[in-house]
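Structures for review follow.
Next come two complexes built around subunit A: one with subunit B, the other with subunit C.
Let's turn to the complex of A and B:
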């Protein structure tokens, strides 16, 4: 459904990403992990056409829109139609001068809904992310970080996307709110069968969500395999270190076997 | 359900912001109230004054402040208080007109420079820089001097030298804001760029432009008075505070009230606008894009 073939990116002659290829199926979750500076966020920007990159093929086939294929490089305006993007810092991602309701409604600007449709769609989206309807009237400075991130999630959901990109969606939040929002994300994915592409450095979170794991290191693909087998046996020394570090910090259960199921329960 | 918990959290987060918003609202209400009272007083003055600003009364020349003439009369016997009232229209009103014009033009130029490509940016900002190269008052004197001294020429001159700071600020701030995540989101959601400028960028640079505008307004009052004092601005017999200072200069020793009251009027109005602008900047400071 989303296919990226041999993506390369360099800034000022310095390679940022090199030979990155992957594919995601409808309703599945791909987690992109790696340490800071490994090119995770750049990869999302390149896929959405916000940073120049070269690739053999980039293909996105949403259920609601025409298939998009780019070859060689990105053409036209940034943004894959039929997808949405939830960013890391929810306060930065919301216009401080607009109410949450208006920010959310703007996501379906291109559909030109009338006022009544817009209001009901916004209410539905707010309910989906478990925010009270009164939140639509609040400004970003008047809500907590967790509520702001839920509003960002609502902004993505209101467009009924086939795919949602997440760029470190929980790293700005505290542990309790992380858990609550992760649970909301899970429910949303199950209800609407949305494909997730999640960039994260939190392997515990990845273990709870991922069907596929993509590990980046210095812009190269270190591992690309089903999550189950990734958490059971790592393909390389680096991945072993990564998983061990997560276990030492307690974000992953000690036992490798059934890691995914346990993590799921802990949500 | 997490709603209850998170709304409790939000209450705490709100508190500081609410307090600030409340003092901002109170301040704006206060400013509006003062403006309304002041406007009412000025209107009352226009209706109630028994004197005309430009009609001489040679029997009453240079009389000191009295019950009949609160601020005295000038060398032609005209009532200084009435002339101050009419002069305010020129000084404060013209300055308002000039700065609003300059602010709008400058903001449009700055936004265009920041968002319509590199060629537009380079061209517009170099033009702005070259306008900056001339000292404001000297450029205005030159323009007014070349075109001939008149009120219209002075207004033109002050508009020509007044817009650049708005252009530079609007460009700088808007380019910064264009890189924020919420603008990226708007782009990904397919909003047209004029709507992004109007809805996402302009409201976030507005407060800073407003503060700059108050500063520019008070400076322009000084410029108008200065140019009129030098004879390039508002022409006699029209009352303007700077022109009144010029008229009174010859009688400074014998009738100091001719200079004291126009001078005080300039001082008070410039100070009031500057202090309002400062307070506004402090109140908008942390909540906005400055």
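Let's turn to the complex of A and C:
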């Protein structure tokens, strides 16, 4: 559904991304992992035409919108129609002067809904992210970080996207809230069959969520394989180090075997 | 209260406030020599305030009640006079941006720290050995940003170990660093702490991290220590509501779809 073929990007002669190719199927999750500065966020921006990049082919085929295909480089306005973003820092992403309800509703202003439709769409979106309806009246400064991140998710959902890009959606939150929001994300994905592309540091989260893993290192693809096989056996030294680091930090269980099976069962 | 040989730190009934707002309410904890204790809690639980009080810092939150006994030094927080700073605590901040002045050369920053701690600027033989063991190269004329973040963080660790502290305090060792670096730094900390017999206090929001390293843990919520004990028993049978929530949301693998709507109120 989203296909990127041989993407390259350089800034001032310095290569940032080199020969990155991947494809995501409808309703699946791709997790992009890698250390800081490996080009994860740049990749998301390049796909959306927010940074100049060269590629052989970029193809986005949402069910709800016209298919988009670019060859060579991005043409026209940036942004893939039918997709949405959720950012890392929810407080920075929300307009501090608008109530959450307004912020969420703004996302579909371009469709010129009437007041009743707008209100009901907002209410549905809030219910989807498990926020009480009263939250629509609050401003970002009056809610917790976790609630603000749920509002960001609602703002993405209200437009009925077929693909959502997440840029480190949970790293600003504390451990309990992280897991609660991850559970909400999972439910939303199952309900609406939305494709997720998630940039994350946290391999524990990726292990529970991803269908495909893409590991970047210095702008090159270090590993691109199904998540299950990635967590069972890593192809390169670097990936072994990454998984070991996650085990050391307790985000992946110590025992290599059985971990993934357990995840299968509980999801 | 009886005190024995192995006890390094005893904090009794600490309360602290900013203005009228009470941030810490009657917190007590003990650390034995050479042990690793974790303080676990969500954002806003008062973990950082507790740390600052332990180090004798009175701003922004001012302690107004309680006593601290650290390695034979007695500090009374209830008095009106200036609060002494306990000697022998090494502090590793969350990330190198908090620890270094970006406009000063590393060499200068090291000498400043050495002057405060040992009274002599310059690198002594033991310090040189410490730097070498942590895998750090000579400073030359480098600025902090010319080193990788992992190396910067290890240098901060070296600075904390310089004064041969009895207690090493790690503030959120994982949240601001990417997992590769965080794991690398944590391994270095634990190796040195064990070798030198230094007690370690880890402050974190992540119970699985705490479970990986600490023998004992204190769970904090809303300025109170709600539960404390051996990590293993805590994980198996948490007594408090917040403890149960933490344990339930410990693993990514336990991510489930069905039953979390009830716990959202706790965000």
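One rule holds for everything that comes next: the second predicted complex is superposed on the first by the 259 of 267 C-alpha atoms of A that agree within 3 Å, B and C clash if a C-alpha of one lies under 4 Å from a C-alpha of the other, contacts with A are read in each partner's own complex, and residues count from 1 in each chain.
In the analysis below, contacts are C-beta pairs under 8 Å (C-beta built on N, C-alpha and C of every residue); 3 or more make two chains touch, one makes a residue touch a chain.
In this text, all values refer to a predicted model and were calculated from it rather than measured experimentally.
> Examine A:147 and indicate which partner it touches, taking first as subunit B and second as subunit C; both and neither are also allowed.
both
> Tell me the contact category for A:208 with respect to subunit B and subunit C: first, second, both or neither.
Only subunit C; A:208 stays clear of subunit B.
> Which partner does A:79 reach: the first (subunit B), the second (subunit C), both, or neither?
first
> Let me test your reading of the model: by the given contact rule, A:93 touches which partner, first (subunit B), second (subunit C), both or neither?
Only subunit B; A:93 stays clear of subunit C.
> So, A:50: does it touch subunit B (first), subunit C (second), both, or neither?
A:50 sits against subunit B, while subunit C stays out of touch.
> Mind working out whether A:188 is in touch with subunit B, subunit C, both or neither, as first, second, both or neither?
Neither partner.
> Have a look at where A:109 lands relative to subunit B and subunit C in the superposition and call it first, second, both or neither.
first
> Residues of subunit A touched by subunit B versus by subunit C: which partner has the larger set?
The partner with more contacted residues on subunit A is C.
> When the two structures are overlaid on chain A, which partner does A:17 contact: first (subunit B), second (subunit C), both, or neither?
Neither subunit B nor subunit C is touched by A:17.
> Which partner does A:244 reach: the first (subunit B), the second (subunit C), both, or neither?
In the superposition, A:244 contacts subunit C only.
> Considering only the contact definition stated at the top, list the common interface residues of subunit A for subunit B and subunit C.
Residues 130, 144, 146-147, 177, 180, which sit in both footprints.
> Where on subunit B does subunit A make contact in their complex?
Spelled out, the residues of subunit B in touch with subunit A are 1-3, 6-7, 9-10, 13-14, 17-18, 180-182, 184-191, 195, 199-200, 203-204, 287-288.
> Under the stated contact criterion, what part of subunit A meets subunit C in this complex?
Residues 35-36, 130, 144-147, 171, 173-180, 182-184, 186-187, 190, 201-205, 207-209, 241-242, 244-246, 248-253, 259, 262-263, 266-267 of subunit A touch subunit C in their complex.
> Residues of subunit A touching subunit B in their complex?
Listed in rising order, the residues are 48, 50, 77-79, 81, 84-85, 87, 89, 92-98, 103, 106-107, 109-110, 130-132, 141-144, 146-147, 155, 159, 177, 180.
> For subunit C, which residues are in contact with subunit A within the complex?
For this pair, the touching residues of subunit C are 42-43, 149, 174-175, 178-184, 186-187, 205-212, 245-246, 249-257, 260-261, 263-264, 266-267.
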